[in-house]
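Both complexes below contain chain A, partnered by chain B and then by chain C.
Up next is the complex of A and B:
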């Protein structure tokens, strides 16, 4: 810590009660987090123990017949996340490089400042608003252009990639920016443009940042509820093509609670919650290992 | 070959620089074009008289007023619940924690930040199930539970901003505090905390934005479509974000659809204003310390 070399006399003076208050705040926050993890794990355990047919780990969701498999939704979530990461990450990388490499070296022009501000605004756009706009704008386009109902895997994936874009751009900017600045002067002296520096030097040297941006984007896509719920069609089967309907874990959870089937359906709900917890916990761990920002 | 791939990359960059803003502007422009004409008293109160509706004398059936009130109380309660632990955690991480505590607590907060909001909602739902099975058989989801879960959701936002704001307090101030013989607690509460207050406030505004926009958490914890004004801390409520979702899936006539556009526009405007406010606070905070330090 910065004040390590400054010797501040510890304890004993007035105001120590305030420190206790701060410790209490930390304890409260930790208690909330621990409770969250414990509850999600504890509620999902019975489903593990039970096993057998009709449990969460099967490929068929048919509450009427007593089948509560969530594997199609797991596959749907992973598929949507993976498919959305590809365009989202490529667009994010390109946009980030464009933002950091003004053609006339030096200051970013008005257009770049504006786009940079727009990316920040994108972080604040509520996902439900994205979903609402896409229901009336993107879905009809897909319906008339490509067929199907318009509410498909593809629709959700497109919007998810837009959703993760600002996250990817900001992570990449934080990671690539300092490296670019470090070589900018040398590069300029050698007659290389900032774009060339990025492509030939900075990007090959920043594998960790690139991967953590992709992983973080994946986490956002898997964790989002409203876009898949509003756009993906929600049929509880494996999607057979990009234009077929699909259901993700998050959308599944929302649908099960709103329909209140109860009993074994809730088991699948808790299991879905645990899976999401595990997936996103793994994402956090990977990011931490890579040293990126979460 | 390398030259060629570079040219492709540069073309792609330019393409994205045009494509992405266009995409976002088209989405937002479409919303605004259909939603902006809707904004007005009619959108909020429908056919009811505004004054009577605000005072709660007349229920509003065809307006967004109950949803706005619901979102407002939700946000207020969330912030009340989250500010103390969130900011406290941030201050602790920045000022008091040992390296080992920093690693563990930091990891926990990061993990919480990465959790999908629906998991928080599920947590609230489980809490109610647990209460029903044990001590309170008639426990039900409601405003307070939703705010509690949202508080977990915005806690990492508050912690991160408080931590950054405390870390940005200049070394000169720390030195001065030590030189004056301030105890650790005195320096923290009388010097560093007031110095970082604007930065922390910026984080609170960001947290308000997160709480106002989230839909997945309240989906599990007591939002309903036609609750009217929230009846109390434990009552069901309406919220702006949920109304948008509900209208998009269940609208019955053109008028209701237009109300959806109005609601989406309203929420978008609120979110953008909150973000702008947070930026202004943060920028002012940085400028203050960069010129003085």
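Up next is the complex of A and C:
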């Protein structure tokens, strides 16, 4: 640390030592990342090479019959993430607007203070708590109201959208807040309310922030393990409706690792991990590219 | 207190404003005559901006603000109870701020196109129908002497305009809302001499059509523009000058320092240099 501070001074031997420490840190971090990727790919390779009917790129998961297809789980993850991000993002945007636009500027009032604090507390709640609450509260409602077992794609999607809410709200607040503050007084002097400024000026000018919030929300939904595991029913098949059971990649990995040690099923998990990385990376890249171009 | 020569446009009585119990304005009494530009002068921290912002109640937007007293505007559309904002002459805050235009010290353009900067407040705050937007935006830009500079670049980001152009855009934005009064808070403070002169000429021209109340830091500028001067010190209006003709910067400097004690109550005639 000491060296790093000294390195700010241009030239000199101590500066060079500081630079060396920084370079070493960067190299270690990069090497760690590359090794992680290499390892995942290397372990996934046997499953990849296996090919044929029972390989990971098939639609049937039946380890007893030697079929290790993880495509239903890939579809499940994509479906859950996509379905959850729509209500999650819209709710997050609305909540964020409400939090940032009190009628009287500078005085958020007790409700907004309370809700703002709750949103921050939500980030610290372990997802297993959400899952547990949903098992006893949401699942019975869906079972009696809509039919089925109650443990379905819909149940998981609803909870995932709630789960991503604080992420979306905090990302939006961090991005939109300073922009709103910059125009708040000028806008007020023209008779524009904070909500009008947000809606007509700040949000249209903040596409990057809106996209980031959606991408991070999607990542949060796709990456979560506990909620789909506890709520989605976990049948390793492609869901036929919102009320049918499904299994996501993350839930699949958790289930299989708890039952298997080694073997083809275990190997296919590395493929699942790789796909999870690829899905998140690709979605982030594509959305950002689309947002940048449009 | 009223000047018999012209009826007042702004009447301030016993106005006190404090932020978190720290007084900024203390028992201000002021009658600003209609016609021409009224300039508030004074040292930094004398309360000029706070007094100006009491006219459109922008102080209310700042946390910890407490206002007492009365502020009244007399415009061509009639009497307006600004503060306390009760009774038959009162209007809602958005309505008041739409009728009292304001331009800030540094150009505060919105991060949007030149067109949107003028059109958005017009459409949202004033409810201007879409079909009339284009004409009214052009009209405002013409009045702010900016039209021929941005004519072909209305879709360009307003942040790419020069400082002087941005300030004139802010002026156009305020004018587009057809205000009854225009408030200016050191509108040329962040501009170079040339751009500042251009804005000054524009203001003199505008003052013929609507009352202008402005805060100014520069003594020479105050003398060039003012038809009425209010000198402020430590949160009070210590004297007003209804005729600035013949006044020199030195005279004004002495007024600011509180050295010159005029014999009559509030008004001091300008002296020939």
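Here, the second predicted complex is superposed on the first by the 242 of 294 C-alpha atoms of A that agree within 3 Å, B and C clash if a C-alpha of one lies under 4 Å from a C-alpha of the other, contacts with A are read in each partner's own complex, and residues count from 1 in each chain.
As a working rule, contacts are C-beta pairs under 8 Å (C-beta built on N, C-alpha and C of every residue); 3 or more make two chains touch, one makes a residue touch a chain.
Model, not experiment: these values are computed from the prediction.
In the superposed pair of complexes, A:225 makes contact with chain B only, with no contact to chain C. Shared-chain residue A:45: touches no atom of chain B or chain C.
Once chain A of one complex is fitted onto chain A of the other, the partner contacts of A:204 are limited to chain C, with no touch recorded for chain B. In the overlay built on the shared chain, the residue A:86 is in contact with neither chain B nor chain C. Touched residues of chain A, counted separately for chain B and chain C, are more numerous for B. Once chain A of one complex is fitted onto chain A of the other, the partner contacts of A:162 are limited to chain B, with no touch recorded for chain C. Touch criterion met: A:192 reaches chain C, while chain B stays clear of it.
Of the two partner chains placed around the shared chain by superposition, chain C is the only one that A:184 touches, whereas chain B remains out of contact. Look at A:28: by the touch rule set out above, it reaches chain B but stays clear of chain C. Residues common to the contacts of chain A with chain B and with chain C across the two structures: 196, 200.
By the touch criterion stated above, chain C contacts chain A in their complex at residues 56, 58, 60-63, 93-98, 101-102, 104, 108, 110-112, 116, 120-121, 124-125, 173-174, 177. Residues 1-3, 6-19, 21-26, 28-30, 32-33, 35-36, 39-40, 43, 90-91, 94-95, 97-99, 101, 114-115, 118, 120-137, 162, 165, 195-196, 199-200, 216, 219, 222-226, 229-230, 250, 253-254, 257-258, 266, 269-270, 273, 276-277, 280-281, 283-284, 287-288, 294 of chain A are the ones touching chain B in the complex. The touching residues of chain A, when paired with chain C in their complex, are 104-107, 179, 182-193, 196, 200-201, 204-205. Contact residues of chain B toward chain A in the complex are 2, 5-6, 9-10, 12-17, 19-21, 23-28, 30-31, 84-89, 91-92, 95-96, 105, 107-120, 122-123, 125-127, 129-130, 151-152, 155, 159, 167, 171, 174-175, 177-178, 181-190, 209, 212-216, 219-220, 241-242, 244-245, 248-249, 260-261, 264, 267-268, 271-272, 274-275, 279.
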